[in-house]
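Have a look at the structure below before the remarks.
All chains are identified by letter, namely A, B, C and D, in their written order; residue positions are counted from 1 within each chain.
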Amino acid sequence: MAEINIALIGYKFMGKAHSNAYRQVSHFFPGKLQPRLRVICGRDRAGAKAAARQYGWEEVETDWRKAVERRDVQVVDICTPGNLHHDIALAAAAAGKHVICEKPLANSLAEARAMLKAVEKAGVCHMVMHNYRKVPAVAFAKRLIEDGTMGDIYHYHGAYLQDWIMDPNFPLVWRLDKKVAGSGALGDIGSHALDLAQYLNSDITAVASQMTTFIKERPLPADGAGAWGAKGKKGKGKVTVDDDANFLAHFKNGSVGVFEASRFCGGRRNYNTFQIYGSKGSLAFNLERMNELELYSQADAAGRQGFRTINVTESHHPYVGAWWPPGHIIGYEHTFIHAVHDFLVALEKDSLPEPNFRDGARDQAVLEAVELSAQSGRWEKVAR
Amino acid sequence: MAEINIALIGYKFMGKAHSNAYRQVSHFFPGKLQPRLRVICGRDRAGAKAAARQYGWEEVETDWRKAVERRDVQVVDICTPGNLHHDIALAAAAAGKHVICEKPLANSLAEARAMLKAVEKAGVCHMVMHNYRKVPAVAFAKRLIEDGTMGDIYHYHGAYLQDWIMDPNFPLVWRLDKKVAGSGALGDIGSHALDLAQYLNSDITAVASQMTTFIKERPLPADGAGAWGAKGKKGKGKVTVDDDANFLAHFKNGSVGVFEASRFCGGRRNYNTFQIYGSKGSLAFNLERMNELELYSQADAAGRQGFRTINVTESHHPYVGAWWPPGHIIGYEHTFIHAVHDFLVALEKDSLPEPNFRDGARDQAVLEAVELSAQSGRWEKVAR
Amino acid sequence: MAEINIALIGYKFMGKAHSNAYRQVSHFFPGKLQPRLRVICGRDRAGAKAAARQYGWEEVETDWRKAVERRDVQVVDICTPGNLHHDIALAAAAAGKHVICEKPLANSLAEARAMLKAVEKAGVCHMVMHNYRKVPAVAFAKRLIEDGTMGDIYHYHGAYLQDWIMDPNFPLVWRLDKKVAGSGALGDIGSHALDLAQYLNSDITAVASQMTTFIKERPLPADGAGAWGAKGKKGKGKVTVDDDANFLAHFKNGSVGVFEASRFCGGRRNYNTFQIYGSKGSLAFNLERMNELELYSQADAAGRQGFRTINVTESHHPYVGAWWPPGHIIGYEHTFIHAVHDFLVALEKDSLPEPNFRDGARDQAVLEAVELSAQSGRWEKVAR
Amino acid sequence: MAEINIALIGYKFMGKAHSNAYRQVSHFFPGKLQPRLRVICGRDRAGAKAAARQYGWEEVETDWRKAVERRDVQVVDICTPGNLHHDIALAAAAAGKHVICEKPLANSLAEARAMLKAVEKAGVCHMVMHNYRKVPAVAFAKRLIEDGTMGDIYHYHGAYLQDWIMDPNFPLVWRLDKKVAGSGALGDIGSHALDLAQYLNSDITAVASQMTTFIKERPLPADGAGAWGAKGKKGKGKVTVDDDANFLAHFKNGSVGVFEASRFCGGRRNYNTFQIYGSKGSLAFNLERMNELELYSQADAAGRQGFRTINVTESHHPYVGAWWPPGHIIGYEHTFIHAVHDFLVALEKDSLPEPNFRDGARDQAVLEAVELSAQSGRWEKVAR
């Protein structure tokens, strides 16, 4: 078993989740490569040190360029807000490091394409962290579509709904600032929904959208406030991203798509769902019950048809054999472990993991078309 | 208790449901007016006679004009395909009859407006049979919205999904013929979804849509074949309506809407659902579990919040006191009984029941905008 | 179509439900025999007259003996409290009338056996109204068990839970008086649960039980108060029946049973459920969602197994063809219509409907063993 | 942060789960004590070495006595089959080690009491691994009961159902051997159900039970076969434990209990559920959806009552603040991390964690009464 050294840029929510994945992966998916948590990087040294201590990193940097250029680092993992993805990825590629990047890949299609070009030119391995592809139920849905169980897909509905900024007094954190975050519900959660759609179904070729900001001004956050629910300081600022973004889509395979992304849907804590309707069957998934997949099959006998709830916790299902016996469920963090496992396997085999920057750029093209359509008031083609 | 004589035009699926409503209403909602099932009308005398016998009608007509003009008839109930609604309604109004009409009100906005004008001019009572407003859970949702429990509505999702024409060999019945049916999934079931939205939420002011026909040719139906699943005869014909129609919407109150209507969603037998998200709470409904309403309330204590399933079968709930004890559910047919009850009460009080032809015309304007947008590829305003 | 005249004894909750069944059956299940609502009987003339008017009965009697002995009556339907079942049934049989009787068949096994003997001796048709056998999902479950789909049954759980008497101030109505009602939760709802078990699975041969009264005294009901929620008058009386009755059971076929019946389960409005586990599959049912049956089949492919929710609303399912298209659900009252339909068919064919007094007596033997075990503190055999 | 050295006896399913807990706990619940995975012990050296490598243990022993007596060990964690619990626990206590023991605590009440006596005499810290108490939804249920939200409890139903030995060709593994496992479904999963009941509700004072073995002979397992699904070798042996065990219970607080434990319930992969009915509200839980708790409250307004599904993933809920944002679920393994966290906190504070050997012995007394009742055919008191 060889070690591979990781540098993690960013130490908040995603930093915590990625750290856990690196620590855990070899205990459940033993392989030739074992990640070593070499260095974690954050602008705030005290914060970064505390994260290093809690999450198990050996060293700390406060300048991402230094972290990226360290000779003892083989993989750079980017967990920063979107506005830094491009620069860090390009630097990492230039330094010959493999790159893992949080989603959405970038804040614009131009950036995303430049990032893809850079990693391809550098010949490094790359992955974009659309971790929900790695939910066993989702990976199993993919298998059922690919093996023809669902027939031809007709209709795809994806919705990713949350409610954490409904309070008008929730402050203007970075995720509500277009310059930093790129967009609002669209990029943060809608990107997951459309990534799953392009993964499970087909390329999106055109979209018609609406993007809405319900609360147009919010309290400014206190200095040093984090992303989640920090108290506001005096004064208000303008919300520059969408609270809610919906779009219709055409898929390359002739099917139709309907998408919802909103942070204003009360009671939907983390409601990432899809329903897929094909000529031979249907599938339904809800991340809040991520160990389950609902399957309807036309092949079932007449009178005995219905959506069945598969407890996707068996050795027959993707990734699950590494964990616990049937019915003993796994959770959110496991998706990152599966992603890192896939990344390590790709490194071992000198192949490209999924989803990679191609997928990220393909998703970014849809995000850009959605934003364009929201302004133009008409269907917009997705750039290819 | 005074009798009021009904003439029913059409004796198939809707004829059966309406007949039952007239027979049953006074046994559960005793009032001053009791419907008398005077005459049922169908072009096929044998079929109409059989229906009269089974459903309890006293007499039979084969010419709808004769039925409408009978002096012993006070109410004309139109259960024909959409292409006849306009002519029958105008004749009925001209003859001074009260009118109940199946949905959608007409095959075009122009027809719908002419129908509204006619009944208003004649001063007769009128109702369009959007019976799902009369589901107790739906009427209770309306109450929760009106009394402020839900706060300001932000996001509305309505989906009416079925699967009965997925087989490519299902024949080209009248519901797949634009001249007769007006449109496909859009008018047949999408009209219900948007009627509920305009009832529960607000006027739809603009839409962006996509309408798709997956199976473009189908076997011609055998002579005399009915609407549901009749065997095809030799030869094929072109499907002239949509199999699937989706649209985004702006509501007058500033909220956003996402709508799906499809007959190609396997396993969704009669899946008429909505989710409504407001500033104070959320609601979810599914017609297949029509005795339940899911309510999420921000007013619940922190840590104890969640969607609760209300069994809408208590005397506290609309219409339910007339039926059975709590937990003893009612079904599809009861919605028509409630509608007829509301119609009779309106007649008694010389008031206008809901939904009436104004609502029907308002819905028709949305249907027309959806069709227009599907052609233009851009947002279209709803005519007012 | 020949008419058959009915005399209904009792006009409250069950009277309403049975009346509806007689009125409706021929409109959905046309047959040779059509019930005629000839006479309704209640001790209170005003109440009986009001019921006759609302439910459509032609005449009224206040003395059940007169009603039973009328020459123009062919069927006597007993909807009284349990303490009158025996006498009325014997009188009806002696008068040569066919008999339908509400459940439980009697207040003791001796009575039940005498009733069975009487109707058999008289050669009349007889039915006990365990209407939940007539839920399409339940009848379909029976079919799946009989055709071998479930394999050998191992484990049966039946629970019928309600909550309508939880308020300690709910008055001492007749259902809480052992002399009138026979027992409490056990006879009222537990009898349904065990009837379904003996119908679907096998004879119960022995039981071990516990019966509990949580609220031992209650306000006396006001004069003339009905069964449901009437306000109490001054003074309290002793509750003489069980609030809650549970038992373990052995079945003749070697399977094991666990039963719960309680009126103290908050939020369970009418929660009549079973889960049946066999060597080849499992079934689950809940009356509050009575149009659904959950089926698990070991025959499904590995990795694709799970409980599927069958919407039991298709023409493939028992009784359903008479009603509405798939997904258009039916309700509580329909179970009585199905039962009356089966009764009429049996009359036509001179056969015995199910469930009949044999079934009622078989159920009564279990009720008696449960009461005995609650006193003896040990397993008790069911008398045969 | 001080290290505390662990010796783990047993390296299969539970060994894997406990190892993970020791590795993970400090990364999410940083405290003064940090476990060090010092030595893992198994009779098969190769197997133990492989486990040590994969799970992160520093050293290996093959003789549990040596492991227990090591001077560098402070905590002995017993993950062996039940027949070894007693001897190891006594040796560990004698050596002055703190002890964690898998459930059920022992194979007999006498053993359990001896174990309790030993740890108390030695003054060491002790815990029995009824990990399901540590599910956030369960701990939250406990809080709702203790703070009076549920009122007085009337009725408790606990069911732990699985299906992994339904195949008659599943071999005679140690869990089906009474000498090793103590009992079958009763001790393995029924013990969890009754532990939750005694934790959440009250002491069980008497029981009436039935215990059944459906498949009386099974293939002998191959040499060295593990506990889960190993292939059988030639020849059959007698199953000496129960496949299915159900019992009624009286609780000290006057409430009644109904319990089911079975390994023959197809489709129930790991269905550990309870429903608790009190005078003010009800609770329902299912381990397969362990991040959810259903709460019904009589305090909700009339007409708005219903079971609500709480997504128990908020900082308001026990343990959850250490993990992820709301709606990002956790899984099976987290329960062990919570338990170890509680154990470490107790060590820090020199207090006794829950559940400890007292709880284990209290549970064992119920297990013994259930076995006794199954033989005697009558209610048996639980020894105290």
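FYI, a residue touches a chain if its C-beta (ideal position, glycine included) is under 8 Å from a C-beta of that chain, and two chains touch if they have at least 3 such contacts.
Values in this document were obtained by computation on a predicted structure and should not be read as measured data.
Chemist: Determine which of the two chain pairs, A-D or B-D, is joined by the larger number of C-beta pairs in contact.
Modeler: A-D
Chemist: Find the pair in A-C, A-B or B-C that has over half of its contact pairs, by residue number, in common with C-D.
Modeler: Overlap exceeds half of the contact pairs only for A-B.
Chemist: If you average the CA atoms of subunit A and of subunit D, how many Å lie between those two points?
Modeler: Between these chains, centre-to-centre, one finds 35 Å.
Chemist: In angstrom, rounded to a whole number, how far apart do the mean CA points of subunit A and subunit B lie?
Modeler: Their C-alpha centroids are separated by 41 Å.
Chemist: Calculate how many whole Å lie between the centre of subunit B and the centre of subunit D, each centre taken as the average of the chain's C-alpha atoms.
Modeler: For subunit B versus subunit D, the centre distance works out to 54 Å.
Chemist: For subunit C, what residues touch not just one other chain but two or more?
Modeler: 268, 296, 305-307, 311, 314, in rising order.
Chemist: Inside the complex, what are the residues of subunit C that reach subunit A?
Modeler: Result: residues 140, 295-296, 300, 302-311, 314, 316-317 of subunit C touch subunit A.
Chemist: Which of the residues in subunit A come into contact with subunit D in the complex?
Modeler: 13, 17, 19-20, 23-24, 26-27, 30, 53-56, 162, 164, 228, 268-271, 287-291, 311, 313-314, 323-334
Chemist: Applying the document's contact rule, which stretches of subunit A touch subunit B when the two form their complex?
Modeler: 154-155, 157, 159, 161, 166, 208-210, 212, 214, 243-244, 246-248, 250, 254, 256, 258, 260, 262, 264-268, 275, 277-282, 296, 298, 305-307, 377-379
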